[in-house]
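Heads up, the thing below is written out as structure tokens.
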Amino acid sequence: MGERRIGDVVLALERISLAFGGVKALTDISFDVREHEVRAIIGPNGAGKSSMLNVINGVYRPQQGTITYRGAPRHGMDPHAAAALGIARTFQNIALFRGMTVLDNVMTGRNLKIRTNFLEHAIWWGRARREELDNRRKVEEVIDFLEIQHIRKTPVGRLPYGLQKRVELARALAAEPELLLLDEPMAGMNVEEKQDMCRFVLDVNEQYGTTIVLIEHDMGVVMDISDRVVVLDYGRKIGDGTPDEVRGSQAVIDAYLGVTH
Amino acid sequence: MLYREAGQFKATYAADQQIFPIRQDRIVMIALVVFMFAVVPAVADQYWLSAVLIPVLIFALATIGLNILTGYAGQLSLGTAAFMAVGAFAAYNLDLRVPGIPLPVVLALAGVFAAGVGAVFGLPSLRIKGFYLAVATLAAQFFIVWALVKFSWFSNDSSSGVITAQKMHLFGKVLDTPAQKYLITLAVVVLLALAAKNLMRSSTGRAFMAVRDMDVAAAVIGIPLMRTKLLAFAISSFYCGVAGALYAYAYLGTVEPEGFTLDLSFRILFMVIIGGMGSILGSFLGAAFIVLVPIGLNVSTQWLNGVLQSMLHWSLPGSLTSNLELMVFGGLIIFFLAVEPHGLARLWQIGKEKLRLWPFPH
Amino acid sequence: MSFFFEVLVAGLLSGVMYALVALGFVLIFKASGVFNFAQGAMVFFAAATFAGLQQEHHLSVWLALPLALVAMVVLGLVIERVVLRPLVNQPQITLFMATIGLAFFIEGMSQMFWGSTPRGLSIGIEDQPFQWVSDRLNINISQFDVFAAFVSGILVVLLALFFQRTRIGRALRAVADDHQAALSVGIPLQYIWAIVWAVAGFVALVAGMLWGARNGVGFSLTFTALKALPVLILGGFESIPGAIVGGLIIGASEKVAEVYLGPHVGGGIEGWFAYVIALAFLLVRPEGLFGEKHIDRV
Amino acid sequence: MLRRTKVLAGLFGLALAAATGAALAAGEQFVPLLSYRVGPYAAGGSGFFGGYIDYMNYVNMKEGGINGVKLSWEECETEYNNSRGVECYERLKKHGGGASMVQPLSTGISYSLIDRVATDKIPLVTIGYGRTDAADGSVFPWVFPMITTYWSQASDIIKYIETKAGGADKLRGKKIVHLYHDSAYGKEPIPVLEAYAKQLGFELTLIPVAHPGNEQGAQWLQIRQIKPDWVILWGWGVMNPTALKAAAKVGYPRTQIIGDWWAGSEEDVIPAGDAAKGYTAAAFNGSGANLPLVQAIKKVVYGAGKGNLEDKSRIGSVYHVRGIVSGIVTVEAIRVAQEHFGKGKVMTGEQVRWGLDHLNLTEARLKQLDADGLMPPTHVTCEDHEGSGLARFQTWDGNEWKVVSGWISPDKQMLRAMIVESANKYAKEKGITPRDCSKEG
């Protein structure tokens, strides 16, 4: 195992509030993420975890609060800008491109690395072809890394759930992100698949030094692989700290046991 | 046993990324293109060239255009005919107002004009989806035709508003025989089909398909939605524009704005669906199907009438046969959609799978 | 000022005629998610059958009307059985294209049965202004248009009652909300669809009679569909009140634009203006006036 | 990728060969019919082509053809669609020993055929429609916009209004509205009408109606505001009955509405019911079941059960007679050609063109054909492919069209100048050298 050094704060969220119509999804939430760490967000259903990720990469725009990424504060992001800054993610309900093969799906992850324009693509010669093949090489590395070589040419729609999750991770990794947001990467998997996925997440973190923000239900997994944990409940932050600290917090225990507030 | 890819290993990514990774496909395709260029003009008569092959090729080009937009990028449009009209009228005016402009430039610029107009009418796609967008593109369909009729500058102040395409010149040679018109059409279509194939297997095409399959996820991995959708509209309209110019120059010779009706837009959409969404090959198959089936129906009812006439001295009344043809055509479309909703391209795929296993059943 | 008022009223009243056709689209889209382009052809077939029975076979109105209604209901049922059922679970665009094929079929069938010559159709209401209104206010309001508006009003009320009060109507709304859920609580989907297509046939008959009385019964009745489309975008594909309100807005603004804006740009703008209004509106509210907002969940 | 196309093509080729084989015996004069019997314009198409076929049948049955040469024909459904029309033309042009002439009854299709007929040497006859400036036969040797063009018609309509107003000078200060189908067709007469407005001093207002014209509330409200003395209705299809209905709705008298001849058939007024009473439209042909030739056709052709119209009540209707006129022009042109190139022979397209170029249907000749009153006398020459320009007017009385004027002649001098100018512009654009008519025999 390589050595990973947890560095400075790369992402800081301050006093984020988000509402849909009258419904409050997130209220006044602040926390930060440090470089190279694995940061978990946990909480019961409807706690606002996915909304939190959606705020980080700009799918939702919070009504209040600021996001500081690599020192640059901004009020909300837009998804494309977030991607351009090196933030990649996977989704809770798999968001693969169902009409495309695994290879093409993963290749879309390289989109931001493309420097040639569509006219060059139409001619498919010289620079465009070289770039395409370079990207293919990179993508093949990711495919090897996630051990999905055998399904390269299969349309993603035909794959079992567990593999789809893995392809989605591959697509995110193909972008060579600095910050990776994983929304329940292990939901609905059996123990074996979960172990594989855990291994992949840790390997990504260690080999590439990617910072990871992760939503997960399985407390065992969270405690094993994360460096720090944020706990949300009803859109509020009720805990933040190392797994051990969080495990000991009364507020967290209450939330999980369903004690009324 | 002939159609096997066994033993064809790809040693490089380049080899794996070819248009036709299977050797037999490559051979057949090259042979077909050579055949279309070298043999067809020599053996086909004027009817086949100027009334069947040229329109099939031109419609195939327009179908590729719409397929890029609808099949690949997932944006439904009913304005195809209008974009063709832009191409036709742009070509006419370029030829008229820029003396000595070479034909390839005219065609390319006609496409570019159409692309510009297409991108403008693609703007609503940034907010509107599905059928709402489809109906919104009808605004383009009706507005463009209206504008072309209304502003007589577009038709060089012709009192009837009809334009007559100038003669096509290429390298100082006039192209006016059906064979020459066929060859220039074929050349343009093959070139642009190849370009479309290239585009669709590159990151541009993948971005289109990503937007089609799930636009939120596409945005999240860094595909700019606005740029991608507008690019899809522009490229699609480029193809339609060039098709429109060829429609005027290589096929009809004269066109009026009203020739580019909603009906034509629908027909091209049929070609996309029947051929297979998201398939360049399907575009050709779909165009051939929609052009040839009514002709086939017409020929067969005439034939039937001939037989009836000679045997019974009685034939079907004209309106009956015409209406029957229309009904059978409508019925065939429904039947076809029910049997193979993924189009002729899928049938082709299935055929190939079968061929691969042949002579074994599984 | 009174001229403007007249234009406005005429516009609103023709908007009602558009809404009538739009209603047929809405019914089917609501229940089965099919954008039925053959609605125009159905309007044509309905009117041609009604007029043909009267004029070709010399039947009285009271015999022709129920027979035409039966024909439309049968047509609706057959479409559901032969066209829609084999295509169930196909993408919307496939279904849409199938309905265009269906339109060809119905058009051919209609002209084969009833000939291609347009007919006149009288339903006993003259398309002439109320004399006393034009005398006093110098505003022309057509008796026929008012009658048409009245009929449309009744039709909307009937449909609303049907949806709200009857068991089938409630089932239908459930189906509209969620096919899977409706199935799982034991609502027979195909039965519901058959009913909706039959009702759409009935609506087509009403629209066909009114439009036919107005412009004659001929192939051109299929073009009424094009008038209904902008109404649909504006009102939302799934809303019955939307169809009416959309019709009124489109009718009025189209007429006002043609009269006041048309002369400055060369006129004849009605063909596309309605689409542009609808489009402009969509940019502000992409789901239409009464459509439901869909939030993308990821 | 086109392999399947080729397979299909091969199959259709076989079918085509079968169809051709089953077709016609040699020694017949072949006429291709680019007909349309479905879709929005089916009513006109079925009437017109019915009349055309009825007349050819009549000549075959009564006289055994033209000097013994029987006429034969084949229909091809165009759906009024340019692309289909071109395919039909290309398919039929070589059938039966070659096409004599082609009459598509569609301006769009005729435009698409202008270049093709010149190459194939087949005359294109467009009676009452098509390209107006093709009346200049020196620039358009193969195109015959015969009897009368749109420009002549506009002139005829103004002339008719003059007589109704009681003289040309009475039009000064009057208001005329041109209510037209917003298309090439509707725009065509505008230059002529504008020239007249200037010349006669009436106020011309142009009001377009968007296709298809099934909604005209706005236009008629405008007309109600303008209160014109006359409305020229230049409509097509459903636009015509809708206009009449809408006129009734705003209380505009139908007697002041003058339609063009594509707004002057039974199909244009019957759907409007009572609202059409008193409406007047132009015509270049007579109508009515009592016309001698119609009676003769009814006896000979329909009597033998060979009539083409399924709806017998349409015999003698405007479109049906229009088809008969087309038949007369076809047959007489072939007859003239035979007299020059040899009686009893099958004429080529080129020879039929000679016949058209020398077609002179005088009053006397029309009488011989039982066709006096059915069409105006027409004298085509090499320069003048229109040959007549005459039109007359008829009023709908609720049951039938009543002729209300004699044949009115257009202002040929004014029109000729416009035609020559437009034709020369075309010749320049296309690089055509006009033929010298003084050298034609």
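Labels for the chains are A, B, C and D, by order of writing; each one numbers its residues from 1.
Note that in this section contacts are C-beta pairs under 8 Å (C-beta built on N, C-alpha and C of every residue); 3 or more make two chains touch, one makes a residue touch a chain.
A quick note: this is a predicted structure, and the numbers were derived from the prediction, not measured.
Of all chains, the one whose Cα centroid sits at the greatest distance from that of subunit B is A. Among the chains present, the centre nearest to the common Cα mean is that of B. By the count of C-beta pairs in contact, the leading chain pair is B-D. Rounded to whole angstrom units, the spacing between the C-alpha centres of subunit A and subunit B is 41. Centre to centre, using the average C-alpha position, subunit A and subunit D are separated by 72 Å. Between subunit A and subunit C the centroid-to-centroid distance comes to 48 Å (mean Cα coordinates, whole Å). With centres set at the average Cα position, the gap from subunit B to subunit D is 34 Å.
Each of residues 142, 146, 149-150, 216-217, 220, 319, 323, 325-326 in subunit B touches at least two other chains. Looking at subunit A, one finds that residues 59, 91, 95 touch two or more other chains. Touching of two or more other chains is recorded for residues 107-108, 111, 115-116, 266, 268-269, 271-272, 298 of subunit C.
Residue ranges of subunit B in contact with subunit C, taken from their complex: 70, 76, 124, 127-132, 134-136, 138-139, 142-143, 146, 149-151, 216-217, 220, 262, 266, 269-270, 273, 277, 319-320, 323-327, 329-334, 337-338, 341.
Across the interface of their complex, subunit D is touched by residues 3, 6-7, 10-11, 14, 107-108, 111, 115-122, 127-129, 134, 140, 142, 144, 211, 214-220, 222-224, 227, 254-255, 258-259, 262-263, 266-272 of subunit C. Taken together, the subunit B residues at the contact with subunit D in this complex read 28-29, 32, 36, 46-48, 50-52, 55-56, 96, 142, 146, 149-150, 152, 156, 159-162, 164, 166-167, 193, 251-259, 263, 280-281, 284-285, 288-289, 292, 294-296, 298-300, 302-303, 306-307, 310, 317-319, 321-323, 325-326, 344, 348. Note for the complex: subunit C touches subunit B at residues 35, 82-83, 86-87, 90-94, 96-98, 100-109, 111-112, 115-116, 226, 229-230, 232-233, 237, 265-266, 268-269, 271-272, 275-276, 278-279, 282-283, 286-288, 296, 298.
The touching residues of subunit A, counted against subunit B in their complex, run 57, 59, 78-80, 82-84, 88-89, 91, 95-100, 104, 107-112, 114, 118, 121-124, 128-129, 132-133, 135-137, 140, 171-172, 175.
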